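Look at the two complexes coming up: subunit A is in both, with subunit B in one and subunit C in the other.
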Partner chain A sequence: MDFKFEGKAKTVSIALMVIGIVGLLVGLFTSGGDTHLNQRFWANLLVNGFFFTAIALGALFFYALQYAAEVGWSAYVKRMFEAMFVGYLPIGLGVILIVLIAGQAHVHHLYHWMDSTLYCEYVIEADGHAHCAEATETGAVLNTNYDEIIANKSAYFSPLFYWGRTFVYLAVFLIFARLFRKWSLEEDKEASIERHFKVHRRSALFLVFFAVFSSTLAWDWIMSIDTHWFSTLFGWYLFSGMWVGAMIFALVSILYLRTKGYFQDLTQSHVHDLAKWMFAISMLWAYLWFSQFMLIWYSDIPEEVTYFTQRFFTEYKTPFILMFFINFAIPFYVMISRDAKRNPYFIIPTGLLIFVGHFVDTYLLVIPGTMFDHNHFGLLEVGMFIMFLGLFIFSVFRALSKAPLVPKNHPFLQESKDFHI
Partner chain B sequence: MQREAAIREPLIFGDKSYQDITNDVVGPIEGSAPRTWKILVTLTGLVALYGVGCIMYLIGTGIGVWGLNKTVGWAWDITNFVWWVGIGHAGTLISAVLLLFRQKWRMAINRSAEAMTIFAVIMAAIFPGIHMGRLWVGYWVFPLPNQFGSLWVNFNSPLLWDVFAISTYFSVSLVFWYIGLIPDFATIRDRMVKPLPKKIYGILSFGWSGRAKNWTRFEEVSLVLAGIATPLVFSVHSIVSMDFATSVIPGWHTTIFPPYFVSGAVFSGFAMVQTLLLIMRKAMKLEAYIHTKHIEYMNIVIIVTGSIVGVAYLTELFISWYSGVEYESYAFINRFSGPYAWSYWIMMTCNVISPQLYWFKKLRTSLAFTFVLSIVVNIGMWFERYVIIVTSIHRDYDPSSWGEFHATPIDIGIFVGTIGIFGTLFLLFARFFPVLALNELKTILKSSGENYKKLHNTDNH
Partner chain C sequence: MYDDDDVLMRAAETLVAKGLKVKEVYSPFPLHGLDPIIGVKRTRLAIAAFMYATGGTCLALLGMWYFMIHDWPMNIGGKPSFSLIENLPAFIPVTFEFSVLCGAHGMAITYFLRNGTLPGMPATNPDPRTTDHMFVMEITTDENHSNSADEIEGMLKDTPLVELSIKDYE
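Up next is the complex of A and B:
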């Protein structure tokens, strides 16, 4: 049975968007006294932009992984992942692009390194502007804005290189997303083992791109907010967050759709496997989070530990600690048993809780380095999250309705339908 | 029974029956030892003896017979330790993680990979043991009460975490391996005619009767052990990496170390599995069970983990520049252009560049090429640890105490000796133990055997 996007699901997703927008607007107009409102708006746009795009990217990664690793069991539910990247990736990457362009146009100051006055040691004042100069030139004065550490990174943050990279990420992700979808729809019309192996090879190629870009985009979009700070593990840690978000959304959606009469051949084994992924990647995330935190805390090197002091000894302390325990301990204790992994009454509440937990994780990646101690949490934040959630659900489910819910002619389809362990 | 998709290649070649599998695996144990085995075991035995001699000389004389000095206080000893622990990773990954991922091809290789793991971890344990100098008080590494005359151990030290991590890992691997062996020992017991071997295999098989109850418990305990062993695959090498990463030495202190060490360990472990299996399948005529497809899958694991390691190398290099920390940058510039640059470039070539050749299907399905490359990877992974350890400490913050390390014949002798001991143990295993998990293999014969797959595909239901 093909999925029709109508009724309650559609109403709820639209309602979420409307409620979200109203909340956001009320939040904006009632925060007149907040002198950092502009920065706060953009910071939250980056949080939401990144969080939901990351989920779509996680789905794209997982999809490619299934083909590259010749996975059989997931063939039956592959359209769910497909819808996530086909439906939302263009929107999400668009949001990130808007944030980056606005930053370059100095509409906001999320990325301190985008401030071009940081890079010259000496300047000459002429017609109201400061220009870079050699120390020996007449009229050259020391630049009070000069930041040696950021200036050292100028090669990496040069506009040409930065924007070049950004457009390469966007192009690669969108092209692969489109191609995967195209091949998938072609297969419905006509079976072809050659095509299947072509997708298998292209998936491996995509994973190579993704292995590099998942780290570099993490540096470019998130780590560079705290421009002085650095951590080699950062990219892999963000990647695990992407992946777990994708698994939660897919699993909860599939369970929901099953109650509406779709996915009737879904076995408990499918649910079990998807829940295993949710559990396992939660643990991977916790492992990476802890490795990064523990090594920095243990060595206590000032350049590095500042990142955690900014989150531990400030107003961010409670959400920061709580977030780690929710994202680690809740899935660990609730989902470790086999029966829990097969039971929607365990999966859905846990999934939703850690979904919010990972949102808080993303929030704390961005906010402390952009809002410092001027942050507020109110209607604006909640409204924007709800709006994006509604938008995400709407675009993904609409994409899901555009193609048959269960693929035809997939060589592993029968194996997936027979799946009982 | 679950039907396997037609496009999957069969895992057992030829027209095999259950009886054939038993004969193929148990046959070599029942016959007398072939000549090549006797020659090989003599050879590895001699090397092992030489290694034991070097170790005794070291214990008798003192750690000074190694090339260590005031600046480079850790060199081959800890390099060898990490190298062996790394090799010991593949077995548990194959038996635990691949079990959870339901990778049926693991059944042909898990037994010998697990044996290799156990022997490799024993080799690894030798090094911190003899480095203590006074081996007879080695039990001081455990948290014993002060009445024993020792000091209470330092729980803040990652070296102590290592003691716990490795001993846990060793125990779980050993139990896992042995549980798997029980039904196979019973099969051998049932076939043995001579009373003494029959008695021995009878004791080893713990009175296995082959009843349904035995099998249920066997499968349950395998799953539970797989669940316990999977986090251990991560924890062991993560904690080994923390021996370095918790310090403030540039080149050692970097947050990517835990997952990158784990990946490197899997990488080197699979390379060692390839080296051993490619010889074994030939020597013991197991070509029907361990064939090109198995080798190809393992080569794919090697290319994935090798690339992860490559990404980690480049990330470290990039961040050392990006950080703007002078010491951090210098540590890496010194790595690729200092006095030990040769070892850095050996590492880069062997670990990052050469595995990329496996993108060509022709190369990753070529057994001869795989054999050569597996040795290349083993060499590269030894150099990785050497680069991390020696080049980071030979020049640290204080240039007045910079120095260099030169290996002595004893350094080399002990390392080569452990390869000898390892080889001897593995050969003994291959002679007296069922080298394939024969009872597990039987479970996939009807779904993944070549003859049965053909049957399924022709009658088409």
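Up next is the complex of A and C:
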């Protein structure tokens, strides 16, 4: 049965967008006294842009993983993941691109390293502009903006390399998303085991790209906000957050659609396995978060520990600590038993709670390094989150309605329907 | 005795539908989906594992508190706060590993004890071929009073079995 995107689901997602936009605009116009409003707007755009794009990327990764590992059980629900990256990835990557371009155009100052005056030790002032110079040149003066740590990273942050990388990520993600969708729709028309193995090989290739790019995009888009700071496992930490977000959204949507009469062949075993993913990846996330924290806390080196002092000894302390315990302890103790993983009344509240928990995680990745102690949390933040949530649900469900909900001719389809654990 | 797991499962289904109680099935590998058919109760091993692991967590924290803070306070890496809570992040890896150790060993030993399969114990399976390629279903007259031995034999012969052995345990 094909999914029809209409009725309550459509109304709710559009209503969320409208409420979100109204909230955002009211938030913008009532914050006239906030001198950091511009920065605050862009920082929140990055938070939401990244959070929802990450979910779509997590879905793309999971989809490729299913093909690369020749997974049978998930064939029945694969269209859900497909809709997530087909529907939202182009929009989400567009939002991130807008934030990055605006940064390069100095509309906002999220990325401190985009300030080109940081890189030269000596400058010559001429015609109202300062340009780099050798110390021996006449008229050269010490540059007061010079930042040695950032200047040492100039090769990595050179505009050509940075923008080249960014466009390669966008191109690779969008091309693979398009191709996976194309092959999936072709399979519906005509069964072909050769095509299945082609998708299998291309998925493995995609995972190689994704392994590198998920780390580097985390450095480029998020870690570079705290330009002086670095953490080598940052990419995996963000990646585990992407993945768990994708699993939560897919699982909750599938359970919702089941109550609406779709996915009627979905067994308790499917629900159990999807919930297991949600449980397991929450643990992976907590493991990586804690590994990063513990090593930095233990060694207590000033250049590393700044990241946590910015979050532990400021107004961000409560949400930062609370977020970790919610995202770790709640799924651990609630979802550990087999019965809980098969019961929607446990899965959905836990899923929604840690979904919000991971939003707070993303919020605290960006905000302390961009807003410092000038931050406010108000209608603007809530409105923008609701708007993006509505947009995400709308675009994903619309993409879901454009293809049969259950794939035809997938070689593992029968195995998936008979799935039993 | 059956030579295929699917055949055995279908046979078990028909026998149970006729009101027989299957005492035990011996198989070289786990048969998914068999437990509900022959009425095996859900294992409580997972609950035991959770308790072992929680015990491990407590024991590890208690041990480290005693060794590192109470009995002989240690100053390692410039963190001489001598408080379990303030030094907790440093103790988490050990606590985690010890919980896993206790959970895994406790679970394995419980499993062996419960099944009577500790090293050196006599084998309980009726036929050594069940460790290799055959599947045996065990049905006793003790548990099936409503049917006579001959009726049970007849029902069993209706299923596609490859061998039937009748033993008198009295």
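In this section, the second predicted complex is superposed on the first by the 421 of 421 C-alpha atoms of A that agree within 3 Å, B and C clash if a C-alpha of one lies under 4 Å from a C-alpha of the other, contacts with A are read in each partner's own complex, and residues count from 1 in each chain.
Here is the rule we go by: contacts are C-beta pairs under 8 Å (C-beta built on N, C-alpha and C of every residue); 3 or more make two chains touch, one makes a residue touch a chain.
Small disclaimer: the values here were computed from a predicted structure and weren't measured.
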Return fit or clash for subunit B versus subunit C, each positioned on subunit A through the superposition. clash
Output check: A:V26 vs subunit B and subunit C. Expected answer is one of first, second, both, neither. What do you get? neither
After lining up the shared chain so the two structures overlap, which partner does A:H420 touch, if you call subunit B first and subunit C second: first, second, both or neither? both
Kindly classify A:W236 by the partners it touches after superposition: subunit B alone (first), subunit C alone (second), both, or neither? first
Given the superposition on chain A, which partner contacts more residues in subunit A: subunit B or subunit C? B
Who does A:L185 touch here: subunit B (first), subunit C (second), both, or neither? neither
Is A:V305 touching the first partner subunit B, the second partner subunit C, both, or neither of them? neither
Looking at A:S337, would you say it contacts subunit B, subunit C, both, or neither? Reply first, second, both or neither. second
From 76-84, 112-120 or 148-156, the subunit C stretch with C-alpha clashes against subunit B: 112-120
Which residues of subunit A are in contact with subunit B in one complex and with subunit C in the other? 294, 298-299, 420-421
Within their complex, subunit A touches subunit C through residues 290, 293-294, 297-300, 336-338, 420-421
Which subunit A residues qualify as touching subunit B in the complex? 70, 72, 148-149, 152-153, 156, 193, 196, 208, 211-212, 215, 219, 228, 230-236, 276, 283, 287-288, 291-292, 294-296, 298-299, 301, 303, 411-412, 414-415, 418-421
Per the contact definition, I'd like the list of subunit C residues that touch subunit A in the complex. 32-33, 46, 50, 77-79, 89-90, 92-93
Can you tell me which positions in subunit B touch subunit A when the two form their complex? 2-8, 100, 102, 231, 234, 238, 242, 245-248, 253-259, 307-308, 311-312, 315-316, 319, 322-325
